[in-house]
Every structure is written in C-alpha cells, then in structure tokens.
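Next come two complexes built around chain A: one with chain B, the other with chain C.
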Partner chain A sequence: MKKNSNALGISNLKKFILKPEFSIVIMLVIMLVIAAVLQKNFFEIKSVVRNINAYAPLILLTMGQAVVIISGGLDLSAGTSLSLLTCVLATVMKRNDPVTGIYAILITFAVAVFIGVINGIGIGYLRIPPVIASFATSFIWLGVALFLRPTPGGESVGWFKSFYNISDVAGVPVFLKTFGTFVPPALILVICGCIVWFIMSKTRTGRYIYAVGSNSDSAYMSGINTAKAQMVACIINAFFIFLAALFFVGQNQSGDARLGDPLTLRAIAAAVVGGIALSGGRGSVYFALIGALILSLVSKIIFFANIPNAYQTLVSGVIVIIAIAGSMIYTFYSKRTLLKGEKKIT
Partner chain B sequence: MNSSISRKNSTTYKIYDRYKKLIIAFLLIIFLFVLGEIIVSNFLSLGQILLTIKLASFIALFGLCQMVVIASGNSSLDLSVGYTATMTAVFTASIMDGKNENLWMAVLIAIGLGVAVGFVNGVLTSYFRLPALVVTLAMANILQGIINVYTAGRNITGKPSPILRIMAAKSTSIFPNILFILIIGATIVMIILYKTKWGLMLFGVGSNETTAYLSGVNVKLVRCIAFIIGGVIASLIGLLLIGNMGIAFKDMGSNYVLPSIAAVVIGGVSLSGGDGNYIGVILGAIFLQTLSNLLVALGWGDAGKWLGYGTLLFILLIIYVGNRRNR
Partner chain C sequence: MIVLEAKGIKKRFGGVIAVSDGNLKCQAGKITGLLGANGSGKSTISKIICGVHSADAGEIIFNGRTVRYKNPHEARQDGIAMVFQNLSLVADLTVWQNIVLGIEENKGFFLNNKTAKDLSKEIVDKLLPGLDINKKIFDLNSGEMQIVEIAKALSARPKLLILDEPTAALEQTQVKSLFNYMRTLVETGIAIIFTSHRLWEAMEICDDVVIFRNGESVVSIDFDKECKDPEKIVNYITGEVEKIRVDKNHTKITDETVLSIEDLNYGEFLKDVSFKLKKGEILGIGGLAGQGQRELMLALAGNYAGVRCDAELNGKKIKLNKPSNVIRNGILLVPGDKQLEGLFLKHSVFINMIFPKLGLSRQPVFTPNKKYRKESKNIIDLLSIKTQNIDVPVSTLSGGNQQKVVVGKWLPFDTNIWLLADPAKGIDIGAKMELYQYIVNQVKEKNISVILYASDNEELIEHCDRLLIMYEGQIVATLEGDNINDDVITATSLRVR
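Then we have the complex of A and B:
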C-alpha cells in the first residue's frame, strides 16, 4: 500500500515535469540566468526597457502566428504583411501635419483587417491549404508594398515616436516622460495584444478556434462555422501585426518593403518553442510569448559570444531547425512516457 | 439525364477532361501574347518568342524539382531550391575557373551538395514528420547564411567552363541550346515517372500513402528520395545558371522559387500530390515568363511582377484547389 502511494507520488511529479509548460518556463529561467551572467547590468531598468523594445516585434508576431497555428493554419505572409503595413503608414503620413497620423492609423487598421479577411477567405472559406494560400498572398502584399515604397523611406508625424519612446516626442508633460522611462510603449502594445486575446479567448469564437484546430471535421459536424473561426483567427493575427507595424514606424520613422522578411520564420519557430503544436488545436498564446522571449534571449547570448555578422542568418536558420525538431521530439517522448505511466497506474 | 451520361462517356469529352488544364494554360499564353501585341507593339515576333522560351526554361527546370517533391504528397513543397542553386554556382565558380577540364569536379560537387541538402530536407520532413514548408524555408535561410559566410571576406571569383557557356547561353542557329537540355531533361523525367517502378511508387505514395504502405512501399524512403532528387536537380540548375550569367552572385537563384511553384500550379499539377505532367509545368513557366515580359514592357517593374505572380497564384489556387474540397 505504502509502496503504491509512493509510486503514485513519483509518477505525479514525473507528469508535472513532463508537461510542456514546465519545460518552457525552466528554459526561460535558464536563458535569463545565462543572459544575466553575460551582461552585468541585465536587470537595470534601462537595459530592461531596451530589451523589451528589441523583443516586442517578435513577441507580437509570434502571438499572432500562435492564434493562426492553433486554428489549424500557418501564416507565411506575416512578414510581408508587416512590411506592407509600415509602407502604408509611412505613405499616408505627412511630416508637418499631425492629423495625418490619425488617418494613417485608421487606414492601416482597415488594411490590416483586409489582409486578415483575404487570408481567412483563402484558408477558411475556400479551403486552400493554409501554407500555400499564405505563401501566395505573401507575394501580393510584397508587390503592393514595393509599389508604395520601392526603396525604404516615407514620412512620419512627430508624435508617432511615442510608439517607440515617449521622451523623444516634443511637448509631452514630464510625468508621462517619467512613465515612459519605466513602462516602454512596446510593453503597452504587447499588453494591448494580450488583452484582446484574453477577451477573445473567453468568447464562443475563441473556443471554436481551438476546436477547429484540433479536429476540423468533427468541429464542423458539431455545427461550428469552421470557416468563420479560421477567418477570425486570421484577423486577430493581422491585428497583432498591425501593433508591430505601429512600433516599427515609431522606431524608424519610415516604411520598408523588405522589413519583415526574416521575422516570418522566427515567429513560427518561436511559437513552436512556446509549445504550440504545428498540427493545431494545442498550446497557449501566452506561452508563445515566452517562446518568443526564449528565442530572443538565445540570439542575445549568441551576440555576446562575439560571432561575426556574416554568421547571423546561418545561426538563426540552424536555431530554427533545432528548435522545431527538438520540441517535436520532446512532445513525442513526453507523450509516450505519460501514456506508459498512466497504463502502469491503472 | 441519359444524354449527359453519354456525353460524359464520349471519347472527346474524356480527352477534353484529361487535358483540360493544359488547354487552359495554352489558351492563357496565347491570350497574353495577343494582349501584349495590342498594348505593346512588336511583342509577337519569333525572336521574342524564342527569348521568352529561353528565359522560361530556367523556371521550368526549377518547376521540375518542385514537381517531383509535390508529387510525393503530404502537401510538400521545396522552398530551398533557389538557394541550393545559388550555393552550387557560388562554390563551383572558383573551382571551374573557366576551364573545361575542371567541369567534372564541379558536377561532382553540385551532385554532392544537392544530395546533402535534399537528404536533410527529406529526413526532417519524412522521418521527423515536420512540415515541409517550415523545414525547407529554414533550410533556405541556412544556405543563405552559408553563402553570406563564404562571401564575407572575399569576392566571388571564377568563370563557368566554356561547355557550360555553350549549353546555357548560346544558341544553335535560332534555337537556344537550353531548349534542347529542357527537352532531353523532360523526356528522361517523363520516362522515369511513367515507365519505371519508382515513378509508380512516387505517385502511389502521393495519392494515398496508406494504400501505398499496405502494398509494401517504403513511404518514408520514397518521400526522402523525392527530396534528394529535387535537391540534385536544383543543384545542377545552379551550374546552368552560372553558365548563362557568366558570373556567380549572391541572389542569383532566389527569385525563381515562387515562379517554380506557380508554374506547377498553372500546369495543373495537384498540390495534394500523386500526379504530375511535366508538359503542363513547361507551359506554366512560359506563361509566367510572358506575363513578366508584359509587365516589364508596361514599365511596372519588380512590384508589378510580384503582385502579378502572387495574385495569379492565389486565383489559380482558388480555381484548382478550392472547389475540389467543398464540404
């Protein structure tokens, strides 16, 4: 009897350790420790703010990508749609007319919704395989972006800098400036995204997104409008990309048609590291955020290892493959061990 | 009712049904040429057509790698073909150094690189069950990184051997030589795909992997081999590319990835795997090149090209893939 309960306790512990969430948090802690050891002032407010600014775009894109992957899709057009949105922002705005900034935000938001709707129609209603559909649309967005901005450039109103650094903007009250040094705007954007997803995940459609991702056919049989759920997922993704575009234009004050290209793959990899199953239906968007943090910290650690600039693309590609393959193998083995353990107990 | 059944069974209808997509592709090409002749004068001449075919040959050859990979099913695509070709071109340029006697070395290196890239792609997708698009996209990134590292401290030196120049860039009388290579390649591939056991196995795996597995086919191995073949062909195209351009540079192959996939879709090859008609792919490549010529003649440049390719691919996906999967 005693032996039995002991075995149960160990297997419970094992179960807990083998949960993907546990390993992700442990990985984050390890990365934080390594980064803190390498960089002396890692936990000072200044460098924390700088790091949040550096990681925010990837975090936003990863969370958006995670929603699409959970709904059973995959968005290869995330990077080019980000570029397109920055180009739209930089084209609509006129430097000397602060009002154009508001127009630009409204128009860009409409474009973002349009991007989501088109991707959603292709994936959800017309049932084209998501990867190929978004691969095709990615070149449409690239073409439009190149039409607007053949070379990086464009104008931006002064107050748009507040999306990157509030204290850069002229004529801002002092208390807002001090607020900005502690809470960077990038963090507010990420929290914005989190709130939107939190509200969405509590609604019926939010639950449908998971159902469609895990088994589209049985979701359809249960009377769920699968196409609509996938379209909503695509629109949420486009909203996250919109937030990232605001950040980039705030930072660079210009639009760039090639800005987002490397981010697509990194966002997918970060989502996978965060425990989102590429087969859909499993994983949490908040853990995708942690996945993006882990991937960014890995790049930071590599940066500290003094690797020449030419190796950057190579290293990031290798990391992506290792991360995806590693997490696949990990889920495979942990699932098998869990099944074995359950069999023994019963 | 009766008449419709008899109409569907008639020979003409069967032939029409079988070659429907080829006919559509062919009509699209003619439409573009007529449109070009109306908008831009001097569009429809023999020289122009032959030039279009020459440029389209490279898209068609890349489409060949893509077709073999797509035929293996499981919605595989190979996005790393462009950088595989670029890497071969960059690496072999200095080895050939403009001499014919070094060509065999270059060919061996090309095959080696192609096998290596294809093997990694194939193992990760078929044995580790990772999505092919993510794997090959990451592979493209890695190859790009390798090229960046290789070219970081030095210039890319070297010239292609004269034989490659003759094969890829020159013409016999009016016909470009690359056309003959394309015809020979197409014949070999068609024979392998339709007349050998391996081709049958490839199509079997692509159309229904469970049936293929139950009939004793090693599904994973066949898929892996499909990726290896794709990699080797892409790598050999790298040699032809450097032969055509005369020099190697960093991004010479990456612009061919989307057109190669679009050509396969226009050619009527099902993206879910299990079939493949290379003639259609060639027609698709010619169509894309004509479209790109037309857009350049209109002065729309790069933006118009990508926009046109993307929109076209999306529309064709809706027509060919979408309606078949209706609930």
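Then we have the complex of A and C:
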C-alpha cells in the first residue's frame, strides 16, 4: 500500500470496484461469456430476442419481489397471484370482441392493486410476519384462480399477442412488424417496470420504503407512516406481477392456475443473487434485475453444457449457492479494504 | 418566557412506576439540565414530552397551550424535537437522507434533494465540520452518529430541543463543539432540555437543573440564583448524604506476571501491542475514543479469530482464537455495548444471569434452578439492580440496570482476569461507585487482575494502578503513580508529549 493512501487517495475506479454491486456485474459478465462460448449464435438478434422473452417473467417478478424485500417484507404469494391474474385476463376476454381486451386489462389491473392492498394490510397494518401473511394469501389467490380456470384455458383477443410478439398480430403495419423482430414486447414491459420504479424511487414513498426496511422503529420515530410504505411496496410488486401476467397471456393466449407457483422462490433467490438483503433496506431493484439474468443464464448454461438431465437441478443449485457466497465474501473483503483506506484521516 | 411546563406527570409501564410526579419548566433561551440516577424517570418524562409515550396523568403546556401528542411526528411538527439515546437513525440511508427523513420537501412530484443536501450540510458543518453527508450511517462511528442524530432534530427547526444523553458517545473535543453550538442555539431563542450522567457537563452548560429521584422531580436549581454546588447536586441525585468513596492503593501488587501479551496484531486496528499484567493489578487502557481500545478488549476475549499474538497465562501458552477458550482460562469480558454483546434482551433477567454458567461450567443433568435463582437474587441485591422480579425480560430494565446484569452474570465465576470494557457506560453515579467498590474488593480478596477500559478518564484515574495510552492501535505510553492524572492523560492521548 502507498504511503499516503487515505480516503482521498482511493481513485474513483477503485471505489467502484470495491462496491459490493461490482461483484454482481462481474458475475453477469462471466455468465454471458460462458453462455456465448457454449452457444455459438448467442449474440444473434433472433437468439437475443428469444432469450429476453424467456427471461422477462422472472425478471419482472424479481424486481417486484425486490421492492417488497427492501421494504422489509417478503411475498410468497407472487407466483399464485401471477396465476390468478392470467386467469382473470383469460376469463374476461372474448375471442371475437377486441374491446374486451381493454376491459380485461383494466379489471386485471384493479385485481392486481387489490392483491397488493391485501398483502400490504397483512404485512404493514396487521403486522403479521410477512412470510406467514403472504403464504396465507397465496392459497387465496390460488383458490380463486382454480375457481376461474380449473384447467388451463380461456379465451384471448387477437391483438393480445402483441404483448408477446407484435409480428404475430394480424393486420399490423410493416414497420411495426420489423420493429417487433428487433425489440420484443417483453423488453418494453421490463423497461416500463424500470421506469415506474425509477419514478417511485425519486419520491418520498420510495425513500420511505428503504427507511422502513432498514429500521422500522427509527422510521416510525421520524414520523413515517411505516405501514403505508410497506403497503405501497406490495402494490408496486403487484404491478410488476401484472406486467408479467400480460406477457404470459400474450404468449399462451390462455390462463393457467398452476403457471406462476414455481417462479415465487426463483424470484426470491434471484433477488438475493442481485444483492438484495433479505433483512431489508439494502440493495437496488436494478441489480435484482441482473440477479434474475444471472439465474436465468445458469439454467441456460447447464442446458448447453450437456450435463445429464438427472444432475441439472443439482448443478444449478450449487451454482446459485456459489454465486451468493461469492458475492458475500466479496462484500466482506471490499469493506475491509475500504476501511483500511479510510481509517485514521483524523 | 416559559416555553414548556409539565405538571404532575404520571406514567407506569405494567407494574413499574416510571414517573410518579414529574414537574418541569423550560424557558426560551435557556438550557435546562435533567439530572438523576438510572431509572429515575428522566428519560421517560422526556419521551412523554416529545410524544413517544403518553402520560397516564398530568398536564403538558407548550407555548401556552395544553398539548397531548399521539406520536413523535406530531410533536416534531409542533416544534418539539428530541435526540434519542438509542439512536433513531436508519443505517442504510445516507447522512443527509436521515437528517431530512420524515420532513422531506418536494419539488413538483419528485423529492427536492438539493435543498435537503444544502440544509444538511449547513447544520452538519456547524456541529462537525468535515463529516461527509453522502456517507451511509453504517459507515459512521458512534460519535458521528450522535452528531447526525442531533442534526436531524435541528433540521425541523424546533422551538424546544430535548437532548437525551447526547454526550455519552462523544469525544471531549466533540463535546466542546456541541456545547458551543448549543449556546448559539439558545441565543436564537429556543429552549433546550439536556440530560447527562456527567455532572461537570451539566454544571458547565446548564442554566438551571431539575433533579429526578425515583420518578419524582425532587428539586429545581436555578444557577443564576444559587451557586453551582456539585456535592449538593450529587446528594439530591443519590438521596444519600454520605458518599461511598472508593479507596485506592489498597491492592498488594505482586511481581508475579499473570498475563503477558507479546506483539498482538489485528488487521489495521491493533499493531504490536505488548504488555504484562501483574497479579492483583488494575491495568487501565485509555486514550481518545476509537483508537483500538475496544478492539483490544475484544481481541483479548477471543472474539477475533484472525488475531496474531503470543499470549501466556501464568507462564502457560494460551490461544486467543475463540471466546470459549479464553473464558475457560478464567479471562472474562464485561462488554461495553450491552445491547449487542452482553444480553439476550428478550429473555428474563434470570436466564441472562445463569446463561454463562450453563454453557461454560460442568452441569448436573437437571439445572438446579432453586440454587441458581437464589444466587441470582443475591447478585441483584449486591449490585442493587432495579427490577420487578428476576423473571421479567431484561429489555424492560433501564439502561443502567441492564449493564449491571451484564456485569452480574460473570460474578460467580472463578476468575483470573477481568476484562472490563467500559463497564460503567450509562450507569449512574451511585451504581458506578458500588460497582467499582465491588470490583476493587474482589481484586483485594481473590487477588485477581483487571484490565479496565473506560471512556471516562475520571474512572481510570480513580482506579488504575497503571495506565496504557493507546493511539492508532498502538500503545504509546505507560503511566504510573502520580502521572495518572487528567493533564498527563489528555496530553499523552493527544500526543502532545
């Protein structure tokens, strides 16, 4: 170490490298490189579009989950509420009446907000531990979804496909068709989600979500309505789930009550990989997005690495654990290095 | 002009009466000191005034109006801000975000971060120039946190500011600049309520003091009319006319070395620390706050696995790699941060008392509860811990009494060495004297040795046979005999000499 190294001596680059987030970016780069090596046409537009379509639902769910976790909660009902929303969409729409698509979107949006409010009341106002509260509501959403669609099915208007692939929709102008081959709607949905969170994070509520998750007692003493902040976090989460539901119905043209459940825990794991602390208050929603990408790439790599079917799940589990442990060790060491640099300026 | 008047305040928590008759008057442009032992009700009445608790009976008149706040936010908007003893900061937000938390201003739809930063910078610069307002709270030390806490209270531009032991975490220089700032604040016409365990601080800064004892305000002294008489104030606080004095130079220090530490290194925190501890000696560790004293105590107690050193206990090599190892060798730590290191807050006093026993000494298959309860009760009497009974959760005790439980749980052990890391932090004068009296007696009777770190130089001067001064993780001076006095300690701590 240099003689006069102190806080000012550390260059901005070094500071950036020592940030815990940096390890997540590195991990993403490594995953991308491995994937590109294993799959020759990884960076071709067709394949990129396909990958975005495949990853978008997990990304959306992870970002929503991240908001809830930052606020000090946890949403185990994310998957089943996704199922419920697809079922609502597919039930309200009538194939031959394009206007029903609009109704369906409005009604489903209202249901999403309702889901967020109910979860928010449980977690924020009634102070039920989030795991229990959302676990309980997950059965309600599943129950309603099964009531609406005991088996996968339902109807969808034609133009709803534009949430999956604009080119598939009949009677679309040529320039939109070309646009659709380059920019998948899934990407637009993700960007929509990012914009909504960007706006929220610049408001009072956005800051309060962090404050409540970090230390709800301190936040309360500062005059913050902690329950309201947690409820807003749940509603934002529900909005992300709503976006994912639009995508799924666009893709499948139907609703499925069993569709979302496997995604719940994957989204939580992805958020953790993306540096969201389960204790709340720490992490960034955008890095949660990267976490979801990493997790998705893991399955892709395993698929292309010719690992026997029987071991795929095992290997993916090991990779996830290594990824989380790696980022924790990195945080630990970078913090120590920073401390060494900054100590004793006085 | 009287800004605030509290009359006949009563408050009980469960079965414990925290305040039985609290009366208080604050004037604009004056600093009112609130003095009293731990659990005397001064914290509670502060919290009632600022809306954290609501009073069971009594009346609070603020600016000529009877008020009853439902939460701290209402009080803050009305012009009463309190700086909390257990910090109310959010660790994951930055300094300036914390300062404006709850009173953020909007610019259109978005938050107005620029005015928030300007305001924060303005306040922080007056209190602690050089503190980066973009740092996150978890990167600050406890003194800096306390400053931010005060800045936060000031950001709401209060008419009445309540400071609950603001100086406990501060260094002497920080205390000085805080006092200067408090003076400029009261000149603008606001009133300040100030509590502290350090008597000289109250004498220095306050215009009048109200003294609490057992939940009652016993007397109010106006320093303009009456002279500042520390003896009298101490008598009001403790309620006893006779003071217990700890006598020094009673211990027979033998030449026998109990513990010898050679070249103790731990990262950047401790560098080449070497010293020898003699049997029956009270060895002090002093210096400015945050120069590695805390780390040294924790390292000696085996809390840092990465410590490198040669340690010998009674001529036998020992390893300082884990706490259980060190404790088995009879080296016991009484940590300073009781809430983090010393206690299971949600468990009962009894469980906390016997816990070290259960883990560390040979036990019959069934725990002899009756015997242990009796022992625990003895310790509670010995240290006069104020608790309803031994089965209530430790968290219901006041801060000073919690600390006594931490000290108490080690007392029945056979010890070679006691490591006392600021054991009297937040304990009132009476209890502090009793505690040290007990320690000194133990040293005398059982011929054990003590390493004492205290943030208050007074305690070190009074008790230590030898004093090591630390600076930047190193021992820079060893003081002995008459050299152990305030001037020399301050000078060597600041490396003037």
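Following the convention adopted for this analysis, the second predicted complex is superposed on the first by the 289 of 346 C-alpha atoms of A that agree within 3 Å, B and C clash if a C-alpha of one lies under 4 Å from a C-alpha of the other, contacts with A are read in each partner's own complex, and residues count from 1 in each chain.
The working rule: a contact is a pair of C-beta atoms (placed from the backbone, for glycine too) under 8 Å apart; a residue touches a chain by one contact, two chains touch by 3 or more.
Since this is a predicted model, take the numbers as computed values, not measurements.
Legend: residue contacts after superposition of the two complexes on their common chain; A:281 is shown touching chain C, with no touch to chain B. When the two structures are aligned on the shared chain, A:265 is found in touch with chain B, with no touch to chain C.
Of the two partner chains, chain B is the only one touched by A:76; chain C is not.
Legend: residue contacts after superposition of the two complexes on their common chain; A:135 is shown touching chain B, with no touch to chain C. Touching more residues of chain A than its counterpart among chain B and chain C is B.
Of the two partner chains placed around the shared chain by superposition, neither chain B nor chain C is touched by A:28.
Once the two complexes are overlaid on the shared chain, A:328 sits against chain B while remaining clear of chain C. In the superposition on chain A, A:224 contacts chain C only, with no contact to chain B. In the superposed pair of complexes, A:143 makes contact with chain B only, with no contact to chain C.
Using the contact criterion defined above for the overlaid structures, shared-chain residue A:123 touches neither chain B nor chain C, since it reaches no partner.
Shared contact residues of chain A, touching chain B in one structure and chain C in the other: 220. Every residue of chain A that touches chain B in the complex is listed here, in rising order: 74, 76, 122, 126-129, 131-133, 135-147, 150, 220, 262, 264-265, 268-269, 278, 308, 310-318, 320-321, 324-325, 328-329. Taken in their complex, chain C has these residues touching chain A: 52, 71-73, 76-77, 84, 87-93, 97, 101-104, 106, 109-111, 152, 267-268, 472.
Against chain A, in their complex, chain B makes its touches with residues 75, 77, 124, 128-131, 133-135, 137-142, 144-146, 148-149, 152, 258, 261, 271-272, 301-311, 313-314, 317-318, 321-322, 325-327.
By the touch rule above, chain A contacts chain C in their complex via residues 199, 202-204, 207, 210-211, 213-215, 217-224, 281-282, 336, 339-340, 343-344.
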